[in-house]
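Shared between the two complexes below is chain A, which has chain B as its partner in the first and chain C in the second.
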Partner chain A sequence: MGIRFILMVNKQGQTRLAQYYEWLTLEERRALEGEIVRKCLARNDQQCSFVEHRNYKIVYRRYASLFFLVGVDNDENELAILEFIHLLVETMDRHFGNVCELDIMFHLEKAHFMLEEMVMNGCIVETSKCNILSPIQLMDKTS
Partner chain B sequence: MALSGMRGLSVFISDIRNCPNKEQERLRVDKELGNIRTRFKSEKGLTHYEKKKYVWKMLYIHMLGYDVDFGHMEAVSLISAPKYPEKQVGYIVTSSLLNENHDFLRLAINTVRNDIIGRNETFQCLALTMVGNIGGREFSESLAPDVQKLLISSSCRPLVRKKAALCLLRLYRKNPDVVNIDGWADRMAQLLDERDLGVLTSSTSLLVALVSNNHEAYWSCLPKCVKILERLARNQDIPQEYTYYGIPSPWLQVKAMRALQYFPTIEDPNIRRSLFEVLQRILMGTDVVKNVNKNNASHAVLFEALALVMHLDAEKEMMSQCVALLGKFIAVREPNIRYLGLENMSRMLMVTDVHDSIKRHQAQIITSLKDPDISIRRRALDLLYGMCDVSNAKDIVEELLQYLSAADFAMREELSLKAAILAEKFAPDLSWYVDVILQLIDKAGDFVSDDIWFRVVQFVTNNEDLQPYAAAKAREYLDKPAIHETMVKVSAYLLGEYSHLLARRPGCSPKEIFSVIHEKLPTVSTTTIPILLSTYAKILMHTQPADPELQKIVWAIFNKYESCIDVEIQQRAVEYFALSKKGAALMDILAEMPKFPERQSALLKKAEDAEVDSAEQSAIKLRAQQQMSNALVVTDQRPANGAPQTVGELSLVKIPSMSGDQHASTDQGLSQANGTLTTVDPQPASVDLLGDLLGPLAIEGPPGAAVQFELNAVSGLEGVPSSADYAAIVPVGEQTNTVQLMNLLEHVLMYNAMLFKQPIGNINERFYALCLKDSGVLYEDPNIQIGIKAEWRAHQGRLVLFLGNKNTSPLVSVQALILPPVHLKIELSLVPETIPPRAQVQCPLELMNLHPSRDVAVLEFSYKFGTNMVNVKLRLPAVLNKFLQPISVSAEEFFLQWRSLSGPPLKLQEVVRGVKPLSLTEMTSLFNSFRLTVCPGLDPNPNNLVASTTFYSESTRPMLCLIRIETDPADLTQLRMTVASGDPTLTFELKEFIKEQLVSIPTASRPPAPAPPAAQPTNPAALTDPGALLAGLL
Partner chain C sequence: MASPSLMDSLFQRSLDDIIKGLRHQQSTESTFISKVIEEIRREIKTTDLQTKSTALQKLTYLNSIHSIDMSWASFHAIECISSPAFAHKKIGYLAISQSFNESTPVILLISNQLRKDLNSGNEFEVNLALDCLSRIGTVDLCRDLTSEVFTLMSTSKVFVRKKAVGVVFRLFEKYPDAVRVCFKRLVESLESSDSQILSAVVGVFCELASKDPRSYLPLAPEFYRILVGSRNNWVLIKVLKIFANLAPLEPRLAKRVVEPICDHLRKTGAKSMVFECIRTVATSFTEYESAVKLAAVKIREFLLEDDPNLKYLGLHGLSIMAPKHLWAVLENKDIVIQSLSDEDPNIKLESLCLLMAMVSESNVVEICRVLVNYALKSDLEFCNEILGSILSTCCQNVYEIITDFDWYVSLLGEMSRIPHCQKGEEIENQLIDIGMRVKDVRPELVRVGHHLLIDPALLGNPYLHRMLSAAAWVCGEYVEFSGNPVELLEALLQPRTSLLPSSIRTVYMQSAFKVLFFCVCTYIEQKEDMTLEVSDLTSKGECSESSDLASAKAPVECDQDEGFNPRNSSQSYEDPSVVNGGPGHVSTSAFMEEKSFTRESIVKLVNLMELSMCPLSGSYDVEIQERARNALGFIELVKQDILSRLLRKEANSESEDVCASKIVEWLHDAFYEELGPVSITAQERVLIPDELVLKQNLADLEAICGNVELTSSCSFSLRSPYYGESAGVSFSNHQVEEDSEPSTEATSLLTEHRRRHELYYLPSEKNETITTANDYAPATITIANDYPPANYLSSGINTNDDSQDLVTLTNQSLLPKRKPNYAKPRPVVVKLDEGDAAPVTAKKPEVKDDLLSGAIRDILNEAKSASSQSNPSDKSSIKKKGKEKLNVDLSDSKEDLAVREQPNPENPSSRRSKHRGHGKEKSKKSQEKKDGAGREDGGEKGKQKSRNRNGKHKTRQRADAPSNVAAQTPAIPDFLL
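Up next is the complex of A and B:
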């Protein structure tokens, strides 16, 4: 399976984007987000970017006020996921120009479009920023 | 800041953002949901733009954690919008809001297919992505050929093909049959020749899934993976866009190396050489650089290379190079690298013989056990656990014990379990083992599970030399001022058994031992008191000649507990009291516990089971597990004291008693689960928890009445429906009987269920539904559906089983066997051995009821699908009520009968407690659905209910049965029931039957609208003040 979910959460613990690649009920999602947000947000810079939770791992990274949390299977390559988060942020940067929490909040659909181009069914599809952004640019041009 | 194209959406989002608290947010969300709902309902249709806007709002609300239970249709309908922006929203929102089993998805399947086979490549991408994310089995069957065509098409652009690859991966996971291995292996190899890195990245993911199931078929892909790696490592023909901080797509490198780990080995020397060149370059050439991202990316590749090297069993030189690298990593400051160093060292332990070089790092690893980061501490603990052997067990276990008091709560349980296992596995001498466990209980009693102290008891019981030592130790701990309850249990047990061995030591006379234990009694819970009572009985028994004073005190205690509300305590008190009066006979009954049969430690099982979690296991993990299990002690499957299993009190319907030589576990499985699915597992996951758990509890010694009782109590617990459902799927011959360890079981079972086929729907609920109606589905799984249709006439019945094959391949080795209870004569016509694809066969069954009984016939059904043997046991709904005919009687008839049937055994009365609360109307319809005609108005008390019916069997003539229920409106959980008929067995069986229905009616079996054919209320005109009549009678 690889990636189970991708969450973007601000430091108050509010979810700004959630994309799941396995079906969870609303209650399960709420519980899961609550638990891992509590676990991850309490950690400091000197601690590693990996948190073991139930039978999977969270790989997370913080950018200013926003945390990117990615749930992966235990045998996933952690550093590759860690850098994949950075690739996602760089891609959003290229599109929004110095992306911030508000961009993701008010352009939820665009953030979703990007993610959709990068991850499918829990696997990485594309890592070229050009290719990731081309459908969005196409749409911006036409509208 | 540019607002998004949808103004309404932006306004809503900023409204939410401005909400000062959760309450306000909820109000705003509710308002919006109301608004959307009205819009969707309004007569004039919405434009696609409006729909799009509302659907995004729904997604936003869903993300905030609110339930959005409407508007799904609108989201799905956007998929068929003609314009890209709307269509895109439809696809994205649908895949976020719906799951693969949602009915609406089925409606969209045609539109999706049209998009996939259409010419518009942006539409193709959208459709492929959605199917790739949430496509279910139906999609799999109807779309797989189209998706495959796109993936290998030469005219298709990479942007479509990369999505097709992952879409196919999803469809393959839903139904592996959609990929025809023979035809596909070559295509897959060709795919890996691709130049486009996007297509390669997703194709490699597809390959990983395929080889993890069947590496044999994909050998031809192995050299291609090596080639991809070479191309990346040499940075040949890699577009700038795919280079990440100077590293050619680290993700593709990782994936390609991962795929290689699913092939057991590489035989071709040339390929092996080229691969090792690449790996060597990665191992040696990865330097620490300043840029964090570059550093991470290069180390991601490095760690994957390490894993691959370990997997390939490289030469010793390269291996020690790896250990050296890891040794360096676990000492660096960078926490990520330290974490991964520890993690990979643990993996290394499992596959190769590098223990000695790893042991050199022991001190560093112990330091990590005290790291401020819990993630790192966990890895260190895992590694220490893995590297422990006889040579370093003492050091490591003592380190763990020392750390235990400082460790955080989250880790203590794991820590103590691991310490206990290591102590057991590698104990240089057994007294050390006893010391460790007692220390463990002392320091972290709350985190020491029962298995741990059960195990120490087993060891002590089986090793005579150890007994005086253990008893003395236990005595020492009892002197401590405040000790954990588990310590009380284990010390009491040990002293009960062996304190007489200490009799000559100071402070160890029976009386002193007794009083030091008895001091603890006020502090312990009801689960411990039974153990203490046993200890007292044992001490009495060992006190020879008898000490009258001690006897008096102990008897007084037994006396006191004879009326204890806890039934376990009460029983023990009564029995011990009676036994201890027997004098010499007591010696035989309370003799020392016999040795336990050697068996695998439940602890080891527990630790192993925790490992089993994902279906796609890497080869390394699988191998590691095999190694683990080789090291284990041979398992003895018998329960500890060989006592036969008895049927739990809560099971709804009695099961026919089977012939004596029937396998005991069959009986047991049935009683627990009311319909079992047994899967014949080629390598049974042995779950011998029962033995370990119950063994030491059976303190009474050789199997006696009390042992029986305990087993009863435990199986009684099985009535908990959720766990019973899990228990329904157990490998044949396994003993699974403990609710406490259900979590663990779930783990194992879920794993089994993934490998094999799981029933659809709840077998129990289906059975209960069929008890009330005469046709429906009895059982269903992904391969077969068994339907049933029945007709009943007096004491005879005709039942037709419909066996439907749901697959496109035949089901073979089909077998059906009826295990009839003694009261039913059943003839089953021939069942064909093969059911052709998509075909249904009918098997009629003739039944005859000989005499009244609640026993139920069982259908043992098995078939083979592929290589899996599926074996299910299903109860047939030929239950007592099927042989009833509703009848309405006049008041005179009723009272005449009622009066003539005076008292037991023809008329039985019972107060039933713990009834599921039902209103009188609900109870009436329940009765009617069981063909008991409720006669309204017969009883003057409106809270009572009177019913009549006729029972048919071959041995008795049609028998009128009368029932009266008196309810208590203040407490619906209890009622008084009186049943009368002309046959004592019938009266009893009918009473029990009704009781079972009232005490535990599963909600699903609540009768639908009752429409009893002949149940007409009696004509009120015929009654002459029935109230007074009845009141006089009852």
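Up next is the complex of A and C:
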């Protein structure tokens, strides 16, 4: 299924966004998030952005105080996922204007909508910032 | 609880309030949340949808960020999506896609609402419903909504259409019959000029093809067009993944595709694309030398980058290549070795894997030496990674790459002494395994074991206890090779052994017992020898039959009363040549030392043993207690005898001696049996005893589960190839004997029953009764004694400690030499024919989405059969066969077509067009498409495909004998080839 989950976590390890593409119970989610945060946040800049965890890979990238972590299947292209993370951040940047942790906290729903435009069934379906944002902007206008 | 009042709705806290509250109340987060949840529970019950949706929104937030349960609110979420207001719907759908799963009881209630929203004129509502379906679609939902999705797949709004295409994957996964409805439109979408649609549909096919590639071979031309035509890297990466799955199935396709992939590899600037090409080539195009070379060049570029990501991926790419193209790894060995000291543990791990992939017979010594030295300096985790990979690499295929077992055994000992070592269990297994399999290495094994046992520090590390138990066992079992049994006994009985868990302590005790017994045994033999042969020899126990070496050494031993003081022992450790003086001398020198037991030393030993066993005989652990009592019993029997001898000095006391030596003889017989490795399948070879009547029981069984018979045939076929392998020389004839035996009525009944219930029987091939493991082990030891014992090759090993060593591993050591000439032959390693590896059942991976691929094949077949509409019965027959293997099916229908359509004048032209190239093919097809529409069109396409195949088929038929038809593999149409 490609992407299994997308997490955004701040420096303190608090989850700011969690999107799962396979069903996990709350306990499983909590355990997973804890393990991943422990594993990835301890790494430094000189280390690579890929971590093997259980039977899949985590590709992560840090933007200021926020970590973007994507869990993917083993045959997924790591560099493409890094690109995807960057695209996501750019898209948010364009929408919120210099996006920060608070934007995501207070507009979690919008962040979810962006993700829904970009990813379906764990597949990346849309990679154009305009196409991702146009429905959201339209919705903003109408409501 | 009071019903929500107006005040509640008026002064309801918004989500923003909650978030702010959470931010400012870090310390009492949980109490704050539970208060909010209480509020939500109250608010959500209101009839006012605004209040309700806000409550739901808050709950959804808490659920996703703070993992608060929201399953209780599922019905309220459904209420929200049925609201006419889009804002409420939005909240409701988010809540549903986040919290619903297959087991949510109310999930079926949303079916109608979803249908309504899918048909809505508001594209955003449609969008929400599609997103929701893609996240939570169950079998029922997918079945109910397939037709709506199908309609949406052809809507004019690209924004909705791409989502509909995306949802199709979920539909197919959950409800394979959806394939019949949607597949054609999905395939058509591949030709869409819109990049959004294309990106979505390629994504769907990428997922589908990864599950069951064979079904999508017929679509290869479409993918090929995208591969050469698309400029979008996201799409290209997906297409590459599809081809990575398809190419191994069809060599002709691989041949055609490899060039465009290399083109991309050369031209593209995007690293992600480069890496995908590398991976595709390394996994699926390994036999195209030029492509692999190109990929290796690109990997090297990655490795030379400073970016840790690229470096990691470069190493990863190498490890994909390693199994088939080791040269690529060897070319980059300098970088691989450097990476071993990288600061990123992931990179270190990758390079360790690669390093182990490079290990061969010729360089194993050097690489292991360097790695062990490196492990000494590594942190705990990586140290154990290194040790683990050395252990697993070296024991592959029954120690295939090890030629010098003495070296390997001492390496194992060295590994145990690394402070971080936690691999006690693996070392334990290998020590015992090697002891049993390799006769020649036993002296060294005992030496290493002895060395480990006398080190009191090791007893303090619980990770090493298992290893120590192996060392104790080895020393006890092969004590005859020990240079110093007395010290060994002292080591086994040292007070710190109380740190061991009782299960291992018992091994120690048993070994101590064996050692003591060995000493006593030797003493008595020596006594007899003396009285019989050389009565004038002094009581010091010097032996007349000792060789040159022994006699030279004997005085050293004999002028000390004890015979075994620390000096002596340290000498033997320092200089292994004393113990293994060379081929042939081992047993002599050991024997010589054994001979030097004096009465005093024996009595001392017996007393020592008695002293340490006495307290243990009262242990609460039954195992320990039993062993202690055994030992004490033995001591009791022997002691008196020895003591009395001591008292009477050289006096004639034959009568008492007889008693002791009798006991010793008996016990000697008990211990004499040599243990061999036991095959995993040994159990299967046990003969069923004649008096064991299995028939009656099984008859009952049959009555109980009358028709569960079907499993038997399956299990038989699974095991049968295995029989062939294991029925070795020694066993094969037994089968014949058994079968040819005249069968009485009872046996015939039995065999009849056996045939029907194979499952419940042990395989009958192995009629050899296995009484002891020993019985069949020697069968595979061929000429063990003809080989001189292995030497410890002390020269030529680079013992330099410096970690820079890693880098200085020379070309020589890493390049696999072609079987260098060994100074000595590799010792015999006992291998059991089949039992060494766990029996791998030849079970194919279960095809999980059998239904789905079946359905897709159906569709593709239908398309084909549409071309033969003149014969309706034919169509139905093909349909029926739909779930069978595709190629069988194809060849059938093709044959039909070949007969029927032979006179078709279009054949030659279509055949020619396909050879001229793909572009033409494409235009032709789209032309045809314009003529027909919908299903008709699919039919046309299918027809064309089958015509093409038909043409090809005919040419083959002309060339080959007609009987060959079935043997061909016609799974792919020849558009491309």
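Here, the second predicted complex is superposed on the first by the 143 of 143 C-alpha atoms of A that agree within 3 Å, B and C clash if a C-alpha of one lies under 4 Å from a C-alpha of the other, contacts with A are read in each partner's own complex, and residues count from 1 in each chain.
Just so we're on the same page, contacts are C-beta pairs under 8 Å (C-beta built on N, C-alpha and C of every residue); 3 or more make two chains touch, one makes a residue touch a chain.
Please read these numbers as outputs of a predicted model, since none were measured by experiment.
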{"item": "Which superposed partner A:Lys129 touches (first chain B, second chain C, both, neither)", "value": "first"}
{"item": "Partner chain(s) touched by A:Gly2 [first = chain B, second = chain C, both, neither]", "value": "both"}
{"item": "Touched partner set for A:Phe68, first chain B, second chain C, both or neither", "value": "neither"}
{"item": "Contacts of A:Glu78 with chain B and chain C, given as first, second, both or neither", "value": "both"}
{"item": "Touching partner for A:Asn55 - first (chain B), second (chain C), both, neither", "value": "first"}
{"item": "Interface residues of chain A shared between complexes with chain B and chain C", "value": "1-2, 15, 17-18, 21, 23, 26, 29-30, 43, 46-52, 75, 77-80, 82-83, 105-106, 108-109, 112, 116, 120-121, 123-128, 131, 135, 138-139, 142-143"}
{"item": "Chain A to chain C touching residues, read off their complex", "value": "1-2, 14-18, 21, 23, 26, 29-30, 43-44, 46-52, 75, 77-80, 82-83, 105-106, 108-109, 112, 116, 120-128, 131, 134-135, 138-139, 142-143"}
{"item": "Parts of chain C lying in touch with chain A, wherever the complex brings them together", "value": "16, 19, 23, 57, 61, 63-65, 67-69, 86-87, 90-91, 94, 101-102, 124, 127, 131, 134-135, 159, 162-163, 166-167, 169-170, 195-196, 199-200, 203-204, 206-207, 210, 232-234, 237, 241, 271-272, 275-276, 279, 308-309, 311-313, 343-347"}
{"item": "Chain B contact footprint on chain A (complex, rising order)", "value": "1-2, 15, 17-21, 23, 26, 29-30, 33, 43, 46-52, 55, 73-75, 77-80, 82-84, 86-87, 102-103, 105-110, 112-113, 116, 120-121, 123-131, 135, 138-139, 142-143"}
{"item": "Chain B to chain A touching residues, read off their complex", "value": "1, 3-5, 10, 13-14, 17, 56, 59-60, 62-67, 84-85, 88-89, 92, 96, 99-100, 122, 125, 129, 132-134, 159, 162-163, 166-167, 169-170, 197-198, 201-202, 205, 239, 241-242, 244, 249-252, 254-255, 258, 293, 296-297, 299-300, 303-304, 335-336, 338-340, 372-373, 375-376, 378, 613-614, 616-618, 621"}
